[in-house]
Amino acid sequence: MSQKFDVAIIGAGRMGQIHGPNAARHPDLRLRYIVETDPALGKALALQTGATIASLAEALADTAIRGVVIASSTDMHLEHSLAAIGAGKAVLCEKPIDLDLAKARAAAKAFEGAPFVLGFNRRFDPHVTALREKIATGAIGRLETLTLINHDPAAPPPAFIPRSGGLFKDFTIHDLDLANCLLGEAPTEIFATASCLVDPAIAEAGDVDTARVILRTKSGKLCVISNTRRSGYGYDQRVEAYGSRGMAATTNERVDAVEVWSEAGALASPIRPNFLSRYMPSYAREMDHFADVVAGRATSSVGYAEGLAALAWAEACAESVRTNAVVKL
Amino acid sequence: MSQKFDVAIIGAGRMGQIHGPNAARHPDLRLRYIVETDPALGKALALQTGATIASLAEALADTAIRGVVIASSTDMHLEHSLAAIGAGKAVLCEKPIDLDLAKARAAAKAFEGAPFVLGFNRRFDPHVTALREKIATGAIGRLETLTLINHDPAAPPPAFIPRSGGLFKDFTIHDLDLANCLLGEAPTEIFATASCLVDPAIAEAGDVDTARVILRTKSGKLCVISNTRRSGYGYDQRVEAYGSRGMAATTNERVDAVEVWSEAGALASPIRPNFLSRYMPSYAREMDHFADVVAGRATSSVGYAEGLAALAWAEACAESVRTNAVVKL
Amino acid sequence: MSQKFDVAIIGAGRMGQIHGPNAARHPDLRLRYIVETDPALGKALALQTGATIASLAEALADTAIRGVVIASSTDMHLEHSLAAIGAGKAVLCEKPIDLDLAKARAAAKAFEGAPFVLGFNRRFDPHVTALREKIATGAIGRLETLTLINHDPAAPPPAFIPRSGGLFKDFTIHDLDLANCLLGEAPTEIFATASCLVDPAIAEAGDVDTARVILRTKSGKLCVISNTRRSGYGYDQRVEAYGSRGMAATTNERVDAVEVWSEAGALASPIRPNFLSRYMPSYAREMDHFADVVAGRATSSVGYAEGLAALAWAEACAESVRTNAVVKL
Amino acid sequence: MSQKFDVAIIGAGRMGQIHGPNAARHPDLRLRYIVETDPALGKALALQTGATIASLAEALADTAIRGVVIASSTDMHLEHSLAAIGAGKAVLCEKPIDLDLAKARAAAKAFEGAPFVLGFNRRFDPHVTALREKIATGAIGRLETLTLINHDPAAPPPAFIPRSGGLFKDFTIHDLDLANCLLGEAPTEIFATASCLVDPAIAEAGDVDTARVILRTKSGKLCVISNTRRSGYGYDQRVEAYGSRGMAATTNERVDAVEVWSEAGALASPIRPNFLSRYMPSYAREMDHFADVVAGRATSSVGYAEGLAALAWAEACAESVRTNAVVKL
C-alpha cells in the first residue's frame, strides 16, 4: 500500500480551486493545509478537501509537509516560491513566476537544483503529449515550422487588464513555453504585431487583444503564434507542427460527439467553451508529475529556467510591438 | 493520333442529356445520331452536341456506327438493346434492363458474349473504385459485412411512382448491384422491410418510401441496405465495408470545402444535393469504359448477367415485404 | 453542507471495480460495505475505497444503508435485487436482470414502485444524452429510422460464451435498450440474422459473433442494429437517427485529438479501444442518477420494465435467428 | 443559340496546356489561333484543340479575334499584354504581369479601362468563392484576421529558381492577391522572415523555400501567410478567416472520399497532390469570367491594379527578409 505525502496549498482562488481538489484526491498526496487570506475562500476549499486553514509560517514549519502548491496572486508567486524552496519543500507554482523579468532573473540562483515545477499545464495536455511523441518518433521527419493557435472565447473584464501583465505575459506566455517545449531550440529573434480589435477598453488600459508573433531559431525554424482575446466560437487550442515528411496537428476537443446533418450542412457540436472545460486533464496530469517530484521519483520536467525563458520572450514580444521591429534575443 | 468511333444515342431525356454530351466530348467517340421521338428534346441535344436526328432504323443501318447508348424510357430498354445488339453494335444501356424479370430472363440468350455495358454508374464512381481497391489489396482483411446507405434528398412526384417499378426496382437496384460488386459472392437469402413514412401518396400508389434490406450470402456475409426517398439533408451516399482487420468507408462529397465555426458549432457545407451533382464523374468514367468496349480494348465489366441478378433481387425484396418473410434465392 | 447516504456494493469483480470507486468518490454517497465471496477481490476493493467487508445479511440489516449496488454475477442479479428491494433499499443493478425471461417476468410484481435502477449505462453517456436532446428539440423533425452500431474490438475468450447468455442477451441487449430509449415506441416485430465469422470456437459453443437486427414499430419506424464481436479497429459505438428533416448522429471518441498528415493521407488517432475507456463517464453519471434516487430527489429513469423489455427482445432475436423468420412481439 | 467569340492563345507550355483546352471547350469561345515558338508544343495543342498555328502578328491582325489568352513565359507577359490591348483585344494574362515592378508601373497607363483579366486563379476557386460569400453575408461578423496556408508538395528543380523571381514573386504572390481579395483593405506594413530548410541548392541559387509573412492594414487587421516549397503530404491550400463572431475556413480537397479505420486510426485519403489536381475548376471558372469580359457582359474583376499591388507586396516581402525589418507601404 502506497505512502501518502503531505502537501499544502497557498491560495484558494480560481487556480487554488483547481489544484486543491486535484491534490486532495491524488492517490499519493494528502492535502493538509490551506493558506488563504480570504476567510470565505479558504473555508470553502477546506470543506471541499478536508484540509485545515493555516498560516504560511505554520505550513512551512511543519516538517511533514513535503510539497507546496502555489496558487496565490501573480505578484506573490516568487516570494512564496522562495519561502517554500527555502523551507526545503518541493514546489508546484502557477505561471508566471513573476511579471518583472529583472526581479525573476535576480532570484534564479535560489532555484538551482530545487524541486520546482512551474505550472505550464499545456505540456501535460494529453493531446500535446501525443503530438510530442509523434514528433519524437519521426512521424513528420525533421521539424521545420510550428503554428500555435490560442484564441480565448471572450475578452476578460477590462479591470483585469492592468494587473495582468498584458497579453504577452498573461496569455501568449503559454504559447511561448509550448514553442520552447516543441521546437527543441530557443528562438534567437522575435517579431510581434498586435491590434486592439475586440474591445476599445483594452486599448484604453494600454493593452492589445489580437496578436501574431513569429519566433525564429538559429537554424531557421519558424514558429507563428496566433492570439485573440475573443474568438466568438469557443476556446480554440491547436498546434500544427510541419516537418520534412509531413504534418502533425492537435485538433480541438468538442463538448460532445454529436453531428446534426440538415439542409444547412453538417453541424458538429461546439469546441470546448473555456480553459476549465478544455484543460482539466492537463492539471490532473501536472499534479501527477508534482507527486512524482514530491516522492523523489522524478525531477521536474519544467522549472524555473523555462519560466524565465517564457517571461523574457513575452517581454520581447511587447518590445517588438512597441518598436515595430525585430527583437534579437 | 487516335481514331474516333461513331456512336448513336437513343433518348434525349433526363439520362440522354447526361450521356449525350459525355459521348460527344469523349476523345475516342463521335456522337453522330440522336434517336428521339420528342422533336424538342432531340433538337436541344442536337444543338448541344452537333449530332444529327435520325430514326432508329437509320442509326442501326449505318455500318460506321460502332456503339449505341440507350437512354430511352425503361420499358424500351430491352427492345432497343436487342435491336442494337442484333445490328452488331456495342451497347451502353441505362439501368434497369427491364421491369419484368421473366421477360428479361427470356431474352438473356441474345446477350451472351455481346459487348453490352449496363449503366450501373456507381461501379464507376471514383470513391467506390478507390474503396474496392482498398478491399482488394487487403486493407481491411477478409470482408465480412457491408452497409450501403442510399438516401434520396426528396421524394419524387407521386405520378412517377406507378411507372417506376417501385422502390426496389427503381432505387434499391443500385444498391443491390453495388452489393453484388463488392461482396464477391451472391446473396442466398434476402429479407426486406419497408414503410411509407415520407408521403402518404406513395402508399396510395402502392409503393413504400423507406426500407431496410438484409442480404445474406452462403458463407454468412451480411449486407444491410438503407433507403429512404427523402433525407431532408441532401443525397446521402455511403458505403461501409467491415472486415477482419478493420473498416473502409466512403464518406459523402460536399458542395464545397468550407466550414464555419460559431457558438453553435462547426458547420461543414451540405453534402451534394442530388444524383446529378454527386455522380457526374461516374457517368463520365462509365463512358470511358464504354469507349474501351467499343474500341475492343476491354470487355464489359458489368453486363446483362449483373442486370438480371439485381432485378431478381429487387423482386425478392418486394416479395419479402409482401410476405414479411425471408426469400431464398 | 450536503448529507452523505450510506450504500453497499455486492460484487467486487469487473463491474464492482467500476461501481465501487464511483460510489466511494461520489459527493452524496458513502460506500460502507462490500459483499464479496472472493476474499482477494473484496480486500482489493476495500483498500481502494475504504469500505468494510460484510456479509449480505449484515449489509441489508444495517438500517443506515440506503442503497445497494449489485455487481454480482449475472445469475445472482435477480436474487440480490429481490433481497435488497425487500429490505427497503434503493437498488442499482447491473444488466441484465436475468438470463431467464420467464423467471424475470415472474418476479416483476416485487419491483413495482420500487426505487430500482437498471444499469443500462449508455442511456447516461453524454453523447447519447446530447443526441436525445437534439431529437427531443426537433433538430431532425419526426424520427423515422435508427441505426445502432455496436462493434466490440476483439472477441471474448470462448470459455466466456456458454455462461454469457449468447450474443443477444449479453451484447445486443444494450442496443435493444437504446432503441427502446430512442425510438419512443416499442417494436412489434423483430428480424435477426447472424453468422459466426470471427472465431469458429464461438460457433462450437453454440453462439454467433456477427449479427444484424431489424426492429419494426407499429407506426412503421425501422431500427437496424449492427453487431460484431471483433472490429479490428477499436470499440465502434455510433448512433444514427434519421428524421423527416435531417439526421443526428454520435461519432466515436478518439484516444487523442492528433492527426498526422503524410503522403499516405490524414491519419486521425484510433477510436477508444474498449468499453472501459469509452464509457467511464456514463457509469459516473449513472451513479449520479442512483444517488438522486437514493436521496429521493428522483425516480428511476430506467428500471425493471426496461430490463424485461430488452430481455424479451433479445430472446426474440435468438428465436428469429433459429427460425429464420420474423418474430412478432 | 449563343454566338461564339474567337480567341487566340499565346504559349502552349504548362499554362497554355491548361488555358488552351479550357478556351476550346468553352461554350461561348472558339479557340482559333495558337502562337507558340516551339513547334512541337504548338502542334500538340493544335491537335488537341483544333486551333491553327499562327504568328502573333497574324493573330492580332485578325479582326474576328476578340480575346487573347497570354500564357507565354513570364518575361513576355507584359509585352504580349501591351500588344494585345493595343490591338483592341480583351486579355486574359497569366500571373505575374512582370517580375520588374518599376517596369510594370511604367506600363500601367496603357491598361486603364482596358478589358484585362489577370490570372489569379484562386479568386475563382469554388471554395474561396464560397468563403468570400460567407464573409460577405456576415457569417463571422467583422473580419479581423486571416491565415493563408500555401504549401507546395515538393520543391521545384533548382534550375527553375533563378528565373522564377524568387519565392515571393513566384509563389507567395498568389497569397498576397488572396489577402488583397479577402481583407477588403490594403496592407500598410509587411514583415517577412524566411529560411532555406528544404534544399540547400535553393539557398545557393539565392532564394528561400520556407517563409512566414505578416500583413497589417491601417485598421489593424492582421494576415499571416505560411509558405513552404515542400510539405511532404501534398498540396496544402487553406484559408482561415477570423471575425468578431466566429471563423470561416476552407479545408483541403482529398483525392477521394475513402477512410480506412484500423488499429492505427482512421486514415482519410491524401489531399490533392499538386496545383493541377487542386485548381483545375478555378481555371475553368476563370475562363468563364474571361468569356463574359470578351462578350462585354462583365468588366474584369481582377486586373492590372491587382497585379501591381501583389507585385509590390512581393517585393516588400523580399525587402523585409533582406533588411530583417518591417517594410511600410
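Order of writing sets the chain letters: A, B, C and D. Residues in each chain are counted from 1.
Just so it is clear, contacts are C-beta pairs under 8 Å (C-beta built on N, C-alpha and C of every residue); 3 or more make two chains touch, one makes a residue touch a chain.
Note that the coordinates shown come from a computational prediction; the quantities given were computed from them, not determined experimentally.
J.: Among the chains, which one keeps its Cα centre farthest from the Cα centre of subunit C?
T.: Relative to subunit C, the chain with the farthest C-alpha centre is D.
J.: Can you check which chain pair, A-D or A-C, has more C-beta pairs in contact?
T.: Looking at A-D and A-C side by side, A-D shows more C-beta contacts.
J.: Which whole number of Å gives the spacing of the CA centres of subunit A and subunit B?
T.: Whole-Å distance between the two chain centres: 57.
J.: Please report how many Å separate the Cα centroid of subunit A from that of subunit C, as a whole number.
T.: Averaging C-alpha atoms per chain gives centres 39 Å apart.
J.: Could you list which residues of subunit A touch at least two other chains?
T.: In subunit A, 140, 232-233, 236, 245-247, 261-263, 269 touch at least two other chains.
J.: Does the chain-touch network form a line, ring, star, complete graph or other?
T.: complete
J.: In their shared complex, at which residues does subunit D touch subunit C?
T.: 232-234, 236, 254, 261-271
J.: For subunit D, which residues count as touching subunit A in their complex?
T.: For this pair, the touching residues of subunit D are 140-141, 144-145, 147, 151, 189, 191, 193, 195-198, 210-212, 214, 216, 220-222, 224, 226, 228, 230-233, 236, 242-247, 324-326.
J.: Show which residues of subunit B lie in contact with subunit D when the two form their complex.
T.: 1, 25, 47, 126-127, 130-131, 134, 139-140, 245-253, 255-263, 269
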